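In the two complexes below, chain A is the common chain; its partner is chain B in one and chain C in the other.
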Partner chain A sequence: MRTLFILLGKELRSFFFSPVAYVVLALFMVISGFSFSQAITLMGEKPTETSIVQWTFYPRWFFFYFFFLFPLITMRLFAEEQKTGTLESLLTAPVRAVHVLLAKFFSAFIFYVILWIPNLVYLGILHWVSDGRVLIPLGSLGGAFLIILLIGLFHIAVGCLASALTRNQIVAAIICFTLILLHFLLGMFLLLMAKDVPVEYMGIVNYFATTQHISYFTIGLIDSRAIVYYVSFTVLLLTITHQVLEYRRWKA
Partner chain B sequence: MIETKHLSKQFVGRMAVDDVSFSLKRGEIVGFLGPNGAGKTTTMRMITGYLPASQGSVQVAGYDIFKDSLKARREIGYMPESVPLYEDMRVKEYLTFRAKLKGLRGSGVSENVNRVIELCTLGEVRGKLIGVLSKGFRQRVGLADALVHKPALLILDEPTNGLDPNQTRQVRGIIGSLGSEHTILLSTHLLSEVEMMCSRVIIIDRGKVKADNTPENLIQEFRASGALRLEIKADAEKAQKQIAAVPGVRRVMREELPDGWSLFQLKLDPGADVREPLAALVAKNQWPMRELSLRGVTLEEVFVELTQRQG
Partner chain C sequence: MSEEIPPTPETPPPAPDTPPTIQRGKIGINVSVQILLGLVLFAIINYLSIRHFRQWDKTYNREFTLSEDTLSFLKQLDKKLSITIISRKDSQEHKDMAQLADSFHREGRSKLKIDIVDPNKDLEAFQKLAMEADRSHIQLDLGIFVRPTTSTNESADRPAGEAGKATQYIPQASLFRYTADINQRPVLAGFAGEAALTSALMAVARGDQPIVYLVAHKSKLRTTKDGNANGTIISMVSRQNMKVLPLSLDQEPRIPEDANAVFFVGMIDDFDERELSMVRDYWHGKRHALFFMLNGQAGLNTPLVEKFLAENGVVPQQDRVLRTYGTASGTEKLFEVKSTFLDASPITMPQKGTVTTIPGLTRSLKLTPEAEKPRTENIDIRALLSPTTGYWGEMKYLDVSPQADEGDNLPPLYIAASMERGASKDAQISVDSSRMVVIANSSLLDPDYLLPQNYDFASSCFNWLLQRENYIGINPTPKTMFSVKVSDEQQGRIFMLSTVVLPLTVFLLGIAVWGARRG
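Up next, the complex of A and B:
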């Protein structure tokens, strides 16, 4: 356990000492700030069914940055260490490969969570300046944050796997991007097909569609199937990543 | 300290290490020699647990590197060939991180970090980013990392590779000063290094152990099957035939020198001394002679002889 924390500390440190982190943070704040101000403007114009939480956490341009965010966060994790050879000194120290994997995974996850904190600050400020007259539904806020975290777990695990597969960061980013896109399209495709699909198969459709999950959770509808889906896939992906790390040693 | 038994590693289509068995006793400094691609790094990686062996076993300080991996790894200080370091960390910070990772706690961390900083004379760069350090400093940071948890066993993969002569001497000096406390296995292809520092040499070629002995013994063995040098002025071809016919001469190599003299390099059978019959032969034919000498053998020649690729 101690080893895990030592490794986690080191990983977080190298996150915040790399310029990529600040570029991502800055871009993310620009985009989320823009969507927040858009939301305020729209809500000021006419009454709307959509709550401020939905606008903030699930704006229409959500997927434009969604696809790029995770590759940028995760591409470095294993690819860099494999390229510079530091993985060798890391794995010959008395350290379990699982600890290395979890430290990298959680460092990326913590960074991802930090990205979202400004959004909470915006809502807080809105609440404060409007003297509490703007309705911020706490249930949907909790749901929104929960789904954001779950999506983060899943996609960062995808990124870990992509990064473990190669020693080239660009290749890692492309693999991660492709996998996320495929998963997204699978969900979208099934949603679009929904009209032609018999009712009894709709469950499967709902199971895959990230967009569907987000729209449920942001109105406060917390669906345990989605929780199980993301958590179990995260565990599966991390297990595969662990196997990849071990396999590289057996093969090479 | 190390006990390898029938260690083998098979990569796709070739045996990188083929049935290697050797052992190191506590306190020994052993040089691991071999041409590039002989399997040195692969063997070291198997000993440190980075690569699993295809066959055979490795025990480090009594622990099996595969079954008791964490315990065995705690006993090892390993410096990989390319000296991989985190470029974005500062020297002291990196060593502190590694010390903690290797299980040091509390005041032991800073004590040992300061100890290796002093030992490897890293004082002046302790606050610098590793990325900006010169090769010599990086090498010493790698060595300090290997030493920080006072491992019983040090495995150094070409510790002086790519250093200038001064830096090489510094690194050698540090390794030499460690001798009594640690068991050291170091690979190199610099033979002078082995002669200077090691009490034993293991020569490996194409994955197989070719020799395992003290440097002195190896040289002795080869001197027994010695070499002789003869310079005369004569009809070279005829002379070569006659010299080859002398009992005890195994092989004669002829070289025409530009000034008209001929140089003969002779390989002799073990134990044979043919100087007298050879002198008699020269006298009989009345060849003018300007040199007849037994040559001393260096470790380099032993190495070349053992690892020369046929064809």
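Up next, the complex of A and C:
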């Protein structure tokens, strides 16, 4: 466990010593800050059934920028080390491949969580500026954060796998983006195809649809199915990535 | 300098190092098996997750949580019922209708078959349903259609009257409640889908539909383009799957045997002695119910109605409840009564402590449980609504500046009460009791002044009168409209902070870190 924490610290340092992390964070803050301002404008014009939390965490243009995040965060994780040749040294050092994998995975995840913290700050600012007159539903806020974290876990695991498969960061980014997009489109496709299925089968269709998960969680309906789906998929992808790393180890 | 050890002739020379052979085939199989096992485990976990899941409803209005009464009914349901939700998928109402289907499917999976039909997209399915409904004399449109899960042939074989009892249709329009915004545009205020659907399921499962008679010929109610209080009552009662029929007391020898309840709303004509006797006879029956909303119109005189109520322990006073307040031009009277729901009765228990406004002219009620008849006939009298502080029952309410003085009725005042004849703590004896509710105001259900809490109160009264306490706890889900009211200056400040200042700070921090690393 100690090895894992040492590696995690090293990975986090490498994240925050790189200007790329700050550029990504600043860009993400501009987009989410803009979404937040737009939400305030829209809700100021007329009352809506959609709360400020839904507008902030799930605006209409959410997927336009959300999918680009993960290739940016994960593309360098393994690909860069493979290119510079440091991955072989790392894997032949007295550390287990699983420690290397988990350290990289969690460092990316921690950075991803940090990306979302400004949204909480914005809500705090609104609460402060409006003297607490704006209703912020806490169940909705908790649900929104939970689904953002769950989807983040899954997408970062996809990014880890993509990065472990190639030594070229751009190729890793493209693989990651494609896999995430395919998963998203599969859910959308099932939703479109299943318009006329009976209610009892809608649960199965909704099971794979990211848009449904987000829309339910952001109103505050927490569902164990989505939690199991993303966590189990993350574990599966990390297992496959681990096998890829083990392959590199014995190949080396 | 290393010292070499000469080999001893006794020990054989070490075998030359041979690199270990990597059995790539075996490792490949091992990896494949591990990945395959991972996939199988993933599939099993997700299959179990679909079969056995849990939801936590943390929505603001607990939109996905069914009431205890509905859950208890679904648990006890011993028939398989079919629910068809007829809704346009692109409509504003569809979200609530689909959520309702989802909630009932989740809780009654094995007993309910739920379908959603969009008449725009699946005309054939809708027409098939409409034909089925037509056999029950139901003209199907958007809404919810409930029936037992029988084959079409079985349904066709059933006589029309019997089919009517076995099917229920709830029009979509009756499920949604609207209020007006400041520009008088309708705004969705609540969704009463759960109460209506539970009620319909109960009616289909049990095959009964209570009959309510409405005595309208003695009333005079303010009527607007949206109708009057009687219209509100008809719509409410129909929504709860009760049948409403008109009743003229002067044309009937007695109140019909099949009357589960008789409603008198805003009467301006008094009973005659024969009618009084009819109402008394009905009240002395078993499981009968009377509902009175007294007209507050000035100068009105209905002595026999009041006599009937007074002998049963509720005495309508000749006053009007009001309070006064000072303005620049002098003292003004306020007849709108702010009142609190009391916790003495199961009718108002879900709303206890809530303050509501009662519009129009309201009389006060004096409760006399110590009177002879309530004592001898075991009539349980409970107060339901009481004005908040500052109000009194003014006898000279037409005066310009009335004051609470001798002869007026002073707090505590009551403006609604319930009576139960033959009430008992023993539930088995209590089922034969007759019930009555008196509200000393007839504007409460006026469509122009109808408040959600007054609607819920009236709805609870009807359910209590018909001994359907199970329904009292099923209130419509309120719709919360979210808005943000900040000034342009505050909005500008938020924009600057969130879109410029904070991201720029992070960007500059990045440059600083990068510079320091390069330095």
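Everything that follows uses one rule, which is that the second predicted complex is superposed on the first by the 242 of 252 C-alpha atoms of A that agree within 3 Å, B and C clash if a C-alpha of one lies under 4 Å from a C-alpha of the other, contacts with A are read in each partner's own complex, and residues count from 1 in each chain.
The rule is short, and it goes like this: a contact is a pair of C-beta atoms (placed from the backbone, for glycine too) under 8 Å apart; a residue touches a chain by one contact, two chains touch by 3 or more.
None of the values given here were measured: they were computed from a predicted structure.
*Asks:* By the touch definition at the top of the document, which applies to A:186: first (chain B), second (chain C), both, or neither?
*Replies:* neither
*Asks:* Which chain makes contact with more of the residues of chain A, chain B or else chain C?
*Replies:* Residues of chain A touched, chain B against chain C: more for C.
*Asks:* Between chain B (first) and chain C (second), which does A:48 come into contact with in this model arrangement: first, second, both, or neither?
*Replies:* second
*Asks:* Would you sort A:88 into first (chain B), second (chain C), both or neither based on which partner it touches?
*Replies:* Only chain B; A:88 stays clear of chain C.
*Asks:* Could you tell me if A:17 is touching chain B, chain C, both of them or neither one (first, second, both, neither)?
*Replies:* both
*Asks:* So, does A:118 touch the first partner chain B, the second partner chain C, both, or neither?
*Replies:* In the superposition, A:118 touches chain C alone.
*Asks:* Using the superposition on chain A described above, determine whether A:27 touches chain B (first), chain C (second), both, or neither.
*Replies:* In the superposition, A:27 contacts chain C only.
*Asks:* After lining up the shared chain so the two structures overlap, which partner does A:6 touch, if you call chain B first and chain C second: first, second, both or neither?
*Replies:* So A:6 only meets chain B here.
*Asks:* Common interface residues of chain A with chain B and chain C?
*Replies:* On chain A, the overlap between the chain B and chain C contacts is residues 17-18, 250.
*Asks:* So in the complex, which bits of chain A are touching chain B?
*Replies:* Touch residues, chain A against chain B: 3, 6-7, 10, 14, 17-18, 84-89, 91-96, 249-250, 252.
*Asks:* Considering only the defined contacts, which chain C positions touch chain A in the complex?
*Replies:* 22, 27, 31, 34-35, 38-39, 42, 45-46, 49-50, 53-60, 63-64, 89, 101-102, 105, 109, 113-116, 121-122, 187-188, 479-486, 490-491, 493-495, 497-500, 502-504, 506-507, 509-511, 513-514, 517
*Asks:* Quick one: which bits of chain A touch chain C in the complex? Just the residue numbers, please.
*Replies:* Checking each residue of chain A against chain C gives 16-19, 21-23, 25-27, 29-30, 32-34, 36-37, 39-41, 43-44, 46-52, 118, 121-122, 125-126, 129-130, 133-135, 137-140, 142-143, 195-196, 198-200, 202-204, 207, 219-225, 228-229, 232-233, 235-236, 239-240, 243, 246-247, 250.
*Asks:* Quick one: in the complex, what on chain B touches chain A?
*Replies:* Spelled out, the residues of chain B in touch with chain A are 11, 45, 48-52, 70-71, 73-74, 76, 78, 80, 82, 84-89, 97-98, 100-103, 145.
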